[in-house]
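In order of appearance the chains are A, B, C, D, E and F, and numbering begins at 1 in each one.
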């Protein structure tokens, strides 16, 4: 995560401004006080967002000192101290909610991701995310997914072509669609085709796709077809495609995850860490000096 | 929700840009096609974000037509059509994810809020939210909470003063803290004091607080003390405060919600719809013409 | 005043850019010189904007040293030195006008406010401002009003509900309007009703208003009615409103200010410091080294 | 005034957002109403900002209809209708204050300028403004000055070089300063020298200045010296300057304005319309339909 | 090119503002005139930027009518009319330079690219660009390159990994570098290795690179080695890489382009259209009505 | 060049963000390494943009150390070291392309300008630029032109009035156009008239123009007319204009430059350094430590 990115800093400023509005009414009572505070986990989890939290406090007031007691991607236990902060009390109080909200959300994603990744730990299958992310937080939520041990899928519409049913219909078939895309896509970029039936998978392989998204195809069918699909890909030539094909299953849930992992698939995609995870509970307590 | 707000439009632009990056690679295959699509609920829920979705499609391309089939705040059933959209296929495909992500998140909040509010339906207690909201989405998530039947608590640090333990410590006690705040707070603004013990509640009432946040005080204690606290408030004069006090309980969960509602409290605050709700699942399917 | 606010810093940058345009043509002659300068008051007044001025110089060039010789809210005499600045001459010359313009305007407001507040010094009546502020300077001009001893009225349309004649007409009467607002306003927020006749005042009190704006009602009428209005409020119950009512007079001028202050009113609102005050004259003189 | 300027539109958006904050709390009561309103002058004056007001209403909601009943730069009488507006009531109420604040300030400047210009009406002397303008409003306040009949002086530091005492000191004298500036200033730009004594005026003319700012030099001295200064300029050659010199007096006030105008000066500069004028009072009244 | 992109519109606004500054001084003389104008090519070339030009005129004033007489990517002859524009004369004059500057630059790139692409027309080699683009114009200049018949190379640092000499040194060798990248790169993304010797090429192929950038390796060496490199790649397995390798030559010039094209290479990269092309000369003439 | 300008810093941030996108994929392999690098010229030229390059590196990461080995405006030879940079390797790699692209473009302009200025070195004629500049880079490209020894012409539409054929037509003739402009242009600003025939030149002089742009009038005609035009100007009085006229030739090329310089002209304008120059080639090589 590149905290020096000018765009990220701009976002942090907007988020601070969102909570501050026209100024913190409550801090009038404490104008010149110095203070310090700790962050303590109220449950187990995987941490994410430490450097961001530091940056949020310091953009509000650059005399704030922040000490991170845990690294992003590491696990923590309920009751564990995660971060210490010291500086002008008004600044600590004003940045508290923004910093906590971000870290609680990101750690929630990392924690959920880590639990799913653990299910895959004895396999070579990688867990990948989707474009279902909170508007405005794409890069950060995808970073949290990596902190939980996942691998990012494309970060935006410009990152790779991914042909869905309707693209194929508009283009007049899988072959035509792939042909148009290949002629115009920048080098190097790959092309994925989303499929719902074995027949579509075969068409896509023949047409030269680099990857296939197998949407809600049941494990039994995958087990029986994947070897054939890999064979089919291995016959491709330079003109028709690589000899390898990356196969990705979607539509999984925690219960059938292991069944999918045993099908010979390469990737399993899930939006659950972004759409079905709870925020991790962390509290900030001011310390008496 | 004021869709004409210049700041909101600016946010929508940023969110579209976040997904578009340097341009949608896949839409090359469909440059001049027109298309139409439907949004269908894949589960029951309460809808939120329809006008926003419309605005997202139209900011990308103002020739897109959007027809809303449900109003914000209304309940829907799995399988129900929620929205129809028609226009240049490339624009529909490019705005799809941003619009859906927003509506799925907001409807998730509205749905969760509505379920909690239903628990309170035979009482005069109102459910209020907190400042635990996703950075960048404060106004929209609070709008979703209202769509679910909740009442908003303060929207930012500038909306009302709320004295926490540390503010009181820095100011040198509840009375001093309230005195400073009152002298400087704009008219009209109210002052809330966060308390953890009955003793603190009484001090705060005597010092002239408008509202008391009772943080994780158990229902049994509330039942026995609330009448006394209201009596105490009723003895306040113009110099010392209003004769009424607004009492708000926090730290509740779905199981003890009804017990809290029966204590004589005015408000119950919860962050659950923002921090512990799932996105509502909605799919967008292109229609063949 | 929170100088660390990201939004405020953005404003300062825009103001510097407004004067600089494509670059200061005159400073070509002095590129490497160091310089120092003093700010001197050319008339008596109340100071406002010192930290802002410092911030303006330092955003242009962070090696500039600024020493404030007076605090915001303090009075000064003609001829008094207010501020010393030292650093690259080109930066001093380029930031001079922006910094002075801001401080002269804000000190003008503080000075005018202080004069009006002085008229009220033996009373418990507080002077409040209005939303008549220069576009772009709302937060700063309201800060200047506080520096002059005033109390801020609501800072924007989102700060409290204030029902005017037309709102009441659209809603179908004072009671209906208050009912709608109360059901939707966030907690804690207060509701003010603007009135022009005693009859309206009574309706508003009965309907549960927290405050009444008495627009251009003459002192004689206020004197005779205010006790009755307070009595009426004191009969309100939890269902109908607080037992107290905040009464605010508007439409005053310097001549009738004391008459209004003697009516038993709580607040007197005025836009005069923003709309009818002169800038305080301050000069910046470079010193020879 | 170019209302299509992208930068101006951005400013209008910021000003609307400044008042709206997180949304207009009061308009909840009137969500679907349509409304209309008139602007009426409460005093005599010169109008400025009509197109801007129109633009402010329409940026908030582009279905608002605005009819201007007076042109910028025209005089109006107390009681005169200036503008009619019609559209969604919530939008009218939300944009009202921003639009009025701007027009009242700008009309105040135009009115004050017009009064001063009237004093010069039988002379060939033009009134010019200064860079003492409200931060953020430079272009608009200078436009208002033109609406009042004045002529703009340079709009920013990049518009022309203007050598002050300290520039001259740093450069090592008037000749050296002018030489450096001339070598680097873009074509076509002019150079003004600020002077406080006749001796400095002569040096500046000899060094090739295009204009001289005569700062607080009394009329008697101007009368006796101006012919000599013009003679001196007329002897300049292509190498040393134009044969003409533009002479500008500053430090004037309403009382001595005519005396200065009679000295043979070309321009009189004043910041009074920006720093010492009152806002013109205009009210907006909703009409019953 | 997606003209509806919010980011692109923001850029166009900035560019208009850059030329307008505080407003077009010359247009004062023509305030209410309507006008029309033609764009005429003063030399042969390939056109690029028509829709952008249209958008620039219309963002300044949305009543301007623009008729494009040629499509982007098409060739034109000296003297050919390219575009007609009609509307408020002040708007036409104010947008003229910005629109022309952009189209002249982009058409210059397209024209230069087309000439190079023509050299490759009987081969299967594609011409690709580089990240040497004018700051702020990346997406548009790469679009112009496509209009000239080229294929875009990666659009930014986030588009694909490209290991240079120093990356390899820091990581401790080609294998280690590729291993780290592969473990963290999002799916689907490819990895390119920049090489300067045949030995490095072989290492990179063995380590699993998707593409090799052959930097300034002479044609003779390429001819003799490329078959061996393709053979080496064909032996890779799923664990070690694809059986195919994309080979890209850089360091070419117009004279040796054909020699490189005959080596068996896949891609030839060049920055010449961005760094060594002239603007195409186009004039705008107002027409008399 | 004022590197402290807030607007310039904002531009640099945008340019870095343009290349970084969602983050540098390649730098994953080198996360904690420190590095250093040199910039070396690959050809002769005149340098421009050193401070900008420094600023670009440091805005990405303020711990980067940059040492400039040459000043803007100085000539360098192929092989000469120009700049050294040291700091976190990831930051050096991420800022490299943006910094080099800018300096290569600006140095290309300075180099081309210097070559043209050299042709004029024994004359008093100054080379001036035009408004043909890359959108977004106006101030920087004009700075590069000064670094090459040129003099800037007006920087934008607000810098001076310049009447072209169509302005004159709309205004109803040269005299009327000049009259309108003079009445409204701010003091001090000059007026230039663009002409194509000697007849127009004379009209413009009589009407009081400050400067004449002689567009594509051949040297022979200039030689014979210039003395007459200067005579004509010398007869102007205060009412009709200055006794001097600035004459500027456009439409020149490298071959006829000296012929134009010998005509008695004051200025020669050219867009060649912006529209017909190559980028100067500079390489950045990381050094081993």
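Everything below uses one rule, namely that a contact is a pair of C-beta atoms (placed from the backbone, for glycine too) under 8 Å apart; a residue touches a chain by one contact, two chains touch by 3 or more.
These numbers were taken from a predicted model, which means no experiment stands behind them.
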| item | value |
| --- | --- |
| Any chain that touches chain D and chain C | A, B, E, F |
| Equivalent interface positions on chain D and chain E, same or different at half | different |
| Between chain C and chain A, distance of the C-alpha-averaged centres to the nearest whole Å | 46 |
| Whole-Å gap between the CA centroids of chain E and chain F | 24 |
| Chain F, residues touching no fewer than two other chains | 14, 20-24, 94, 138, 155-156, 158-160, 184, 186, 189 |
| Of all residues in chain D, those that touch chain F in their complex | 126, 128, 142, 146, 151-155, 158-160, 184, 186-190, 192, 210-211, 238, 242-244, 246, 248, 267 |
| Contact set on chain E toward chain B in their complex | 1-2, 4-7, 10, 138-139, 155-156 |
| Residues of chain C touching chain F in the complex | 13-14, 16-17, 20, 22-24, 59-61, 90-91, 94 |
| Complex interface listing, chain B residues touching chain F | 21-22 |
| Residue numbers on chain B that touch chain A, as the complex places them | 11, 14-15, 18-30, 33, 35, 37, 89, 93-94, 97-98, 100-102, 104-105, 108, 131-138, 155-167, 169-171, 176-177, 180-181, 184-186, 189, 274-276, 278-279, 286, 288 |
